[in-house]
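Chains: A, B, C and D, in written order; residue numbering restarts at 1 for each.
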Amino acid sequence: MIESILKFVEANFKTLFMITVFPGLAFIFGFLIFAVWFERKYLARLMVRMGPVHCGKVLGWLQLIADAIKLITKEFIVPRFSLRLLFFLLPIILPVIPAILVVLIPYAKDYILYDAGGNGLILFLALATIYPVLSMLIGWVSNNKFTIIGALRTIYMDVAAEIPIVLSVLGVVILAGTYDLVSIVEAQRKIWFIIPQILGFIVFLIGYLGMTERIPMDFPVAEVELVFGVKTEYTGPLYLLMMEADYINWLAWSLLLVVLYLGGYNGPNIFGNETISGIFWTLIKLFIVMVVILTVKISYARLRVDQAVRLGWRVLIPLSFINLVITILLKYYFPGLWGG
Amino acid sequence: MVSLEEKLKSEFGDAILEFKIPKDNRIVVKVSPDRIVDVAYYLKNEGFDMPISAGAVDYMKNNVFEVFWIIWSSDKNIVLILKTDISRENPTIQSLVEVWRGVQKFERETWEMFGIDFKGHPKLKRLLLPEDWDYEKEGYPLRKDFSLKPYTVEK
Amino acid sequence: MSKYLEKFEGLYRKLPKPIRKIFNWGRSFSIWPIHYVTGCCSPEFMQVCGPRYDMERWGILPMASTRQSDAIFFVGNVTRKMMIRAIRLYEQMPEPRYVVNIGVCTISKGPFYDSYSVVKVEDYLPVDVYISGCPPKPEAILHGALTLRKKILGEKVGLVRREIKK
Amino acid sequence: MGIMTIEEVKELEGGLMRVRIGPQHPISGQGTIVVTTDGEIVYDVEVDIGYSHRGIEKILENRRWLQGIIPMERMVMLDTSHVAMAYVRAIEELLGIEAPPRAQYIRTIVLEMNRIISHTYALGLLAESTAWNPAVFLWTTADREPFLDLMEMLTGARWSYSFIVPGGVRADLPHGFREKAKEAIKFFRDRLDTYMDAWIDNFLFEIRTRKVGVIPRDKAIEWGAAGPSLRASGVAYDTRKNEPYAAYEELDFKIVTEKDCDSYARGAVRVKEMYVSLDIIEQALDNMPEGPVKKTVPQNVPRGEVYARVESARGELGVYVVSDGRDKPYRVKISAPSFRNIFLIEMLPKIEEIRFADIPPIFYSLDPWFLDADR
């Protein structure tokens, strides 16, 4: 019995390692702890504050653990007039969706958990659509005015951001000639797609801000009018799950941004091992994206719903069509540059 | 400013009970309560267009409430205090909301604190006092016969 | 006390001591007061959350929704009309929950000792920490918050603390 | 906030719901605004205040003239010296005395520092309400501190000074105050330039606040707006000029007005006014006359009635005082600027289209302080 298990582990060591450590559970939890801590600390510094200091002696690095412990040990309340079962179940399902997205991403040339038979991009975009819908459902079952307005706004946001994203991603697909995420990264060996696809990148970035609910496109969770958006009624452990889902979603979309436009794992082979340096470069780029997004968060105002939807339909969609035309011309005149 | 006094007296005669200019930029006019709306309209046409405040004073000895409105004139830069006396037993007065829309909240507050009924006021609804305030038991807070003793903390 | 809470209460009491200590440590470092102002000490409270005094150093972070918060900081005078809402907010908060009085008005009505509208908080809700002053200095508010932290560290871990006084 | 009742669910089926913003809400402060909306468009707004009504007007009838300053100051904690000034002005007018000239200059400095303290708060919250640069709210919190330190040095308290009393001020300027004040002014002018840069450059902030909550000039007068809200609608109304008190008559400054009448203009008026305040403080420090700072005043105030007003940070603050010749006032009616301003939001949905997300910027551009409205 044990021998067979050991044999199984030996044979599938890499897969198991990927599921449990990187990019699986351990990585996701590590990212959560780091991202929330880093956000609080970085924003606090920009606000000329200190942020958490005393928890865990050095730079308040244990702050997130303390928060998690507190939230887990708190009472959780299910409001009387909500749909109780769904109210309880949906937040548990919610973090799973972005977690699946995370494992679709290639971290090095031969380091990908599931490549979806060369259709990774399509699977990613298809699964990512579920997240706002679940989010909307959560707002609806909570049966609170603020969550219901938040739910409506989630749908507005979905309408405003999702279609431009898909259209702008088409440019990348045309250049690389494939839906396979590994091949897309390989196609960026010579030039990162941010240069030929600069229009598409801008459209994608704005859509990305919407899908991850970050300023200036974070109107579904606008705390000045909606308290916490769809999260308003959640307490304790369930609230923790919702927060987690939020950050994992951010991680997944940031990784997609890195893969599509910033050259993915491409970079100098500094460790003498392609896999390790690939992972290294992916994470470095991820970190840079995070810093940029947080800086944007602190320097801009939030768009109103109608303004955001107008931006999506009147500006972003025409822009992405122009981008498509440019892409086709580029592909036609310089076919050799894009690896495919 | 003297001309305003003459104009008012010739227009309304005995209804103007008092006309004072205590200092620069101030006019105090006291009118009888039945002509208050007409005087207000007249003053508005004279350029007194911005309501600043309104309220009442309880003169328990004379058995009257003195209701006052404070109006500013945007082009003349004068503050006008329009006053009138009403009886304490039957405190009703015509509301001036139709003349100056801005006095709505002040009259609402006066209604709440003194129990003065403003006729023609669109929204006499409780504003500042708690929902469980009982006028029968506790009385109107800004009247002089209202005592703070039951609420005072013992030393 | 609901049946559900009683059940959890029993579970918590059975936990070994080190684990309960860890729970207390977590709770003591993440006190999230509600974003709720009742009176005139609020500017001072704002300064305490601001850069110079920065309460977030100890993980004290004002939260927008009652459902995610752990404490009510009564910032200045509480009137009868406000108390009705405050009790409702207290009922909406998940256990364990704490109450802190900031400012002398909340303790003994302070400069409004003869007001017909201001009430004492302790007549309605169980209070954990009293901070006196009108308004208290930022150092005093910080000291109060840290006193609450110490109190949490030393208490028996459980879900239910006290019932609401009627 | 909270659970919906059956009636409210039925209302929702009709397409509308009534959302109570406050008294516990990130933007509400101590008051509540009840918004009738279909989720996006706002059809009706109702203001519900009184959550911090302490009955100050009644309490004042129970206090001696000098004692009255203390509960009075609790009305606007951010702006206490203006409230005290209004009350003191009324008392001095009844007594027929005037404070010595040096006291007038010190009063001016205190009042203008208080205006800056209050305006930074308004600016910070306006920034917060659009989520524009959440840092700005905390920057303003930090930049207020030098002035709070100056106040503590001068009066001994950070917020509630009770410094301006009938017949003058309680104390003369301490040693080293002038130098420290000059330093603070220089520092704050730099910071204001930073705010102006951030303000003008930030196109998203303009998108959110321009043409939002427009109060035309005639409507502002008709409804009785006060202070910056009135001046942003193009009415040059400033009690400091119209009916000067303290040392404003001898100092050189201009009334700030804007033409746009929207939330952005109301914010801009405040920023420009802070520049003016800095200039006034500098002038007052330079031209300060020598002499005593306090006169003795009798305990009893002669019979009479008077309406005294000052220009507080939120607008004109008037006090109508009736004295019957005893040591306590017979009646004090306070006409608070926030009480006038906050009701403007009730009128707005009737003349223009407001969206739910516009409520916070409009609300904070009016700069309400509910304690002041409630009294």
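Note that a contact is a pair of C-beta atoms (placed from the backbone, for glycine too) under 8 Å apart; a residue touches a chain by one contact, two chains touch by 3 or more.
This one's a predicted model, so the numbers in the text were calculated from it and none came from an experiment.
Asker: B-C versus B-D: which has more C-beta pairs touching?
Answerer: Higher contact count goes to B-D.
Asker: Relative to subunit A, which chain has the most distant C-alpha mean position?
Answerer: Greatest centre separation from subunit A goes to chain B.
Asker: Find me the chain with the mean Cα position closest to the mean of all the protein Cα atoms on display.
Answerer: D
Asker: Can you check how far apart subunit A and subunit B are, centre to centre, with Cα atoms defining each centre and the answer in Å?
Answerer: 62
Asker: For subunit B versus subunit D, what separation do you get between their C-alpha means, in angstrom?
Answerer: Distance between chain centres, rounded to whole Å: 25 Å.
Asker: As a quick test, compute the distance in whole Å between the mean CA positions of subunit B and subunit C.
Answerer: Centre-to-centre distance between subunit B and subunit C: 43 Å.
Asker: For subunit A and subunit C, what's the span in angstrom between their mean Cα positions?
Answerer: Their C-alpha centroids are separated by 36 Å.
Asker: By the touch rule stated above, which residues of subunit A touch at least two different other chains?
Answerer: Residues 47-49, 223, 227, 232.
Asker: So which stretches of subunit C touch two or more other chains?
Answerer: 50-51, 64-65, 79, 81, 92, 114-117 - these are the residues of subunit C that touch more than one other chain.
Asker: Which parts of subunit D, given as residue numbers and ranges, touch two or more other chains?
Answerer: Correct list: 1-2, 25-26, 50, 53, 55, 58-59, 62, 138-139, 142.
Asker: Can you identify all of the chain pairs that touch?
Answerer: Between chains, contact exists in these pairs: A-C, A-D, B-C, B-D, C-D.
Asker: In the complex, go through subunit C and note every residue touching subunit D.
Answerer: Going by the criterion above, the answer is residues 34-44, 46-47, 49-52, 64-66, 76-77, 79, 81-82, 85, 88-89, 92, 111-112, 114-118, 134-135, 137.
Asker: Spell out the part of subunit C that touches subunit A in their complex, as residue ranges.
Answerer: Going by the criterion above, the answer is residues 5, 8, 12, 22-23, 25-30, 50-51, 54, 56-59, 64-65, 67-68, 70, 92, 94-96, 157, 159.
Asker: What residues on subunit C touch subunit B, complex-wise?
Answerer: So the residues of subunit C in touch with subunit B come to 79-81, 84, 108-109, 113-117.
Asker: For subunit B, which residues count as touching subunit C in their complex?
Answerer: So the residues of subunit B in touch with subunit C come to 129-133, 138, 141, 146, 148, 151-153.
Asker: Of all residues in subunit B, which touch subunit D in the complex?
Answerer: 22, 25-26, 49-53, 55, 57-58, 68, 70, 72, 74, 77, 79, 81, 100-106, 113, 126-130, 141-142, 146, 148
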